[in-house]
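Quick one: structure below, then a few questions.
The first chain written gets the first letter, and so on, giving A, B, C and D; residue counts start at 1 in each chain.
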Amino acid sequence: MSERRYTLTISCPDRTGIIAAVSEFVARHRGWIVEASYHTDQETQRFFMRQEIRADSLPFEPDEFHAQFSGLAAEFNMDWRISDSARKKRLVVFASKEAHCLDDLLYRWRSGELHAEIPCVISNHDDLRGFVEWHGIPFHRLDFSDKAAAFAQAADLFEQQRGDAMVLARFMQILPPELCRRYAGRIINIHHSFLPSFAGAKPYHQAYQRGVKLIGATCHYVTEDLDAGPIIEQDTVRIDHGDTVKDMVRYGRDIEKTVLARGLRYHVEDRVLLCGNKTVVFR
Amino acid sequence: MSERRYTLTISCPDRTGIIAAVSEFVARHRGWIVEASYHTDQETQRFFMRQEIRADSLPFEPDEFHAQFSGLAAEFNMDWRISDSARKKRLVVFASKEAHCLDDLLYRWRSGELHAEIPCVISNHDDLRGFVEWHGIPFHRLDFSDKAAAFAQAADLFEQQRGDAMVLARFMQILPPELCRRYAGRIINIHHSFLPSFAGAKPYHQAYQRGVKLIGATCHYVTEDLDAGPIIEQDTVRIDHGDTVKDMVRYGRDIEKTVLARGLRYHVEDRVLLCGNKTVVFR
Amino acid sequence: MSERRYTLTISCPDRTGIIAAVSEFVARHRGWIVEASYHTDQETQRFFMRQEIRADSLPFEPDEFHAQFSGLAAEFNMDWRISDSARKKRLVVFASKEAHCLDDLLYRWRSGELHAEIPCVISNHDDLRGFVEWHGIPFHRLDFSDKAAAFAQAADLFEQQRGDAMVLARFMQILPPELCRRYAGRIINIHHSFLPSFAGAKPYHQAYQRGVKLIGATCHYVTEDLDAGPIIEQDTVRIDHGDTVKDMVRYGRDIEKTVLARGLRYHVEDRVLLCGNKTVVFR
Amino acid sequence: MSERRYTLTISCPDRTGIIAAVSEFVARHRGWIVEASYHTDQETQRFFMRQEIRADSLPFEPDEFHAQFSGLAAEFNMDWRISDSARKKRLVVFASKEAHCLDDLLYRWRSGELHAEIPCVISNHDDLRGFVEWHGIPFHRLDFSDKAAAFAQAADLFEQQRGDAMVLARFMQILPPELCRRYAGRIINIHHSFLPSFAGAKPYHQAYQRGVKLIGATCHYVTEDLDAGPIIEQDTVRIDHGDTVKDMVRYGRDIEKTVLARGLRYHVEDRVLLCGNKTVVFR
């Protein structure tokens, strides 16, 4: 993604002519489509699309695009958005004591693989401060003994930093329902099980007790229902009878960070569209 | 497994000296160990082992082995068994209308890959009769409108045929608790989800509703608790938003048959030992 | 695929306006696009697309579609094709002694999962005759001691049967270069390794000697260069030091048949477009 | 691995009575075997075993174990070793400019997951110095414009640090044959392809050209033959026609670091035994 691109994402009721109308609009302005994906949800008969267009091929900036496209969008009753790769998304990361997801994220940020900014990290512990600050990223430890106050502070920081999304990188604290509602579709969590199996606390212990032969991880949007929000990405890894809970935790870390990284990339690149409690992911 | 082998499986309370005692017994009789596996369950401190020994290296038949080994077994309070590859296990297969698992099983039987005999197939429908009978295997359609009577008949057939295990190859009928108890550890089912997710009816519909990104299959021993018995083998396959329930059913068939085939092979080769509601699988 | 569909596949030099022009054509005739996929090859700057359209939404039959679309196709210098789901592709299957791929294929055909016809099976041995004929499919054993004559006969049968593709289901004979050229892009082979590793004879023996930790299978179009044609689909499975060549053969069968089935489905559903010696697969 | 353990690894010509003799030795000294694995290589008829024994269950230190066991070892013509978990292996890491493998390794070291010491990092560039030194690990940049001198210096550092193994974490320099011979079985490399496919330079470019549908990574011991040494661990990940070389590099990083981490763990825990140009890996 070195060249500047606009990404147009749309969802609307399905009917004939949508692709034609949008493509005609882009073509009329000589837009060069680099990537195009479409999907119709059979149950809801809702149509989803995503187009990446080279910014230099279009005669306008995002604001102008917005103005020009509005008529067509209204005609098809579209829920739509245009994003600009030149404006990186701002991710406020929440972490606790476990370093693996945060480390992985910071590596991807540092190397430029994660096309986003990390204005700050928020935590309930000081364990990861040194590592975060070495990256030149501000680290805020909040006192979660008063949960309401701490989350209010966290939300303030998020607003001050003009955050686009909250990333819960093994944060281990349950967010207040009000926050989940306010930032719906903008809070991303990594859960250390293959949901819907083993929601809630200590999923590896639950997996050990049940004697499953694979364990997993799930990246999902946070909603008021614990571990029940729209799933963005999942993966599993094989274990066997010889693996203790401690072994599972170790294997699990590797898929947790990979699954979070993939889910986050899809979100950052506007590849995820919500469809009720499910996601359309245009990889 | 062309050469004849004895397979010795043991579980007992853990302590020092078990491997030494058993190995010494085998060595004293000049037994040639071809494969050896050990495991200690940390929670229960129970020890599990499996040894495959070349039959021609030992001076005795299984009965004599049994007699000779009993003293040592008693000393260590062993739960143990010796099986002989020259005596193939007898699998009574239960099927319904769906052909994929049964077909796969019959291919493996026909080609000699599945080291077992299939004395008969029992079904609640006639759909698969032609295919089964082409293999020269008797096909019994039972009338499950009276479930109690039908299962009584099925159990009679199983006994008449000196069955070692019942294989539910997408049989889609819930077995009476009494049968589950009587043949505990001898009834093998394939469930079309990654348990414990989506137990019970219509797992692909459940998976579709939840919006998971992987679907799975589980081979397990049947107990009185529906889809909650000890898991032998599982696997998953990636799907995405474009996949309908019908697509999932199609993908699912491929892992169902593979997972059942693997689980069945482990059972047939005495690689599965029960440890409470879990399994030790010496692959 | 119960409802009738037309599938339009196109490849042409990339430029702006292609999607718009095609979508406008479809929309003008009130065509309902069910699935749409696009790709631009960066190296060759060639554009590829595939659209599935509901047949009942269009006012014309395939011939008429062809006539109407030709002008636009010429304008963009398109290499294109329209196919009709009501006309099943005809697959002539070549097999030898190994049953697993053929069995799997016939199950998928019998159950309706494989949306194709199998007018006949051609073999150099009689081993699989009974199984094929039970399906009501003609079985032709040809004498490959004279390879040239046998392949001439095979080509005649293919032509007589108006075959669309030849499927080499572990056929184990090398096709004459002339045949490879004549039916380029229409001969599908399953090779029992993860190509380009272990091309040629006895790939499992080669894999065993090299000590790899995964083995694989590859479905590809046949070209004059042995095992070097465009790859359609591949997969791998984990093995370990305990696995003999015989074990690899057994594991391998399971991925061979799955990989062949997937590749074949992509081909039958016009999801595979050739791009030099590579494929674009719109799954 | 919190409790102290001795790990006994043995390879010797196969015959009856080996397991019995070793187990009897351990049992006689009241050793508590925590993990035990065995394998016979069919081709060479060589036997391999590994036993983990609780150190506190034995009456002796490693030196004394060595002395006591020597007689038995000689009798069976064993190639054997006893290692002590209280003495961590010392890994000298070689890196270049690419951070992902080194970062991952340092995370695992820092978190205690990798049971080893890293006395220093050697590099031909300064890019990773800051990150390494933040961990308190000495960083040596050597001038590889004179390769012979640089490798001589590297070997000196390795000896000074009493290194147990050299880890090439995407080092991108070919080691002199003499070094490969001197430290045979002690130099571990990660190659960014599924060997034997795409050995040598630019494997992702090679994979892109060939149009494979999966890419992979291989962790192996370095020998004089480039990328042809004994394979310890491999894995693959799915790609498709939409993925550029740059995408492959990105996906590849994730499997490279996972495969290296797994291979390294097996090495560090004495789970890898050499069998000609292959490995036995007791996972």
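Structural remarks
Operating definition for what follows: contacts are C-beta pairs under 8 Å (C-beta built on N, C-alpha and C of every residue); 3 or more make two chains touch, one makes a residue touch a chain.
No experiment lies behind these values; they were computed from the predicted model shown.
A centroid comparison over C-alpha atoms places B as the chain most distant from subunit A.
Contact tally for B-D versus B-C: the pair with more C-beta pairs in contact is B-D. Of all residue numbers used at the contact between subunit A and subunit B, over half are used by both chains, marking a mostly same-residue interface. The distance from the centre of subunit B to the centre of subunit C, each centre being the mean of the chain's C-alpha atoms, comes to 36 Å.
Inter-chain centre distance (subunit A to subunit B, centres taken as mean C-alpha positions): 41 Å. Within subunit B, contacts with two or more other chains are made by residues 35, 242. Contacts from subunit D toward subunit B in the complex involve residues 16-17, 19-21, 23-24, 26-28, 30-38, 40, 57. Looking at the complex, you find that subunit C touches subunit B at residues 35, 99-100, 103-104, 107, 110-111, 113, 134, 242, 250, 253-254, 258, 261. By the touch criterion given at the top, residues 39, 41-42, 194-198, 210-214, 216, 230-236, 240-242, 244, 275, 277-281, 283 of subunit B touch subunit A in their complex.
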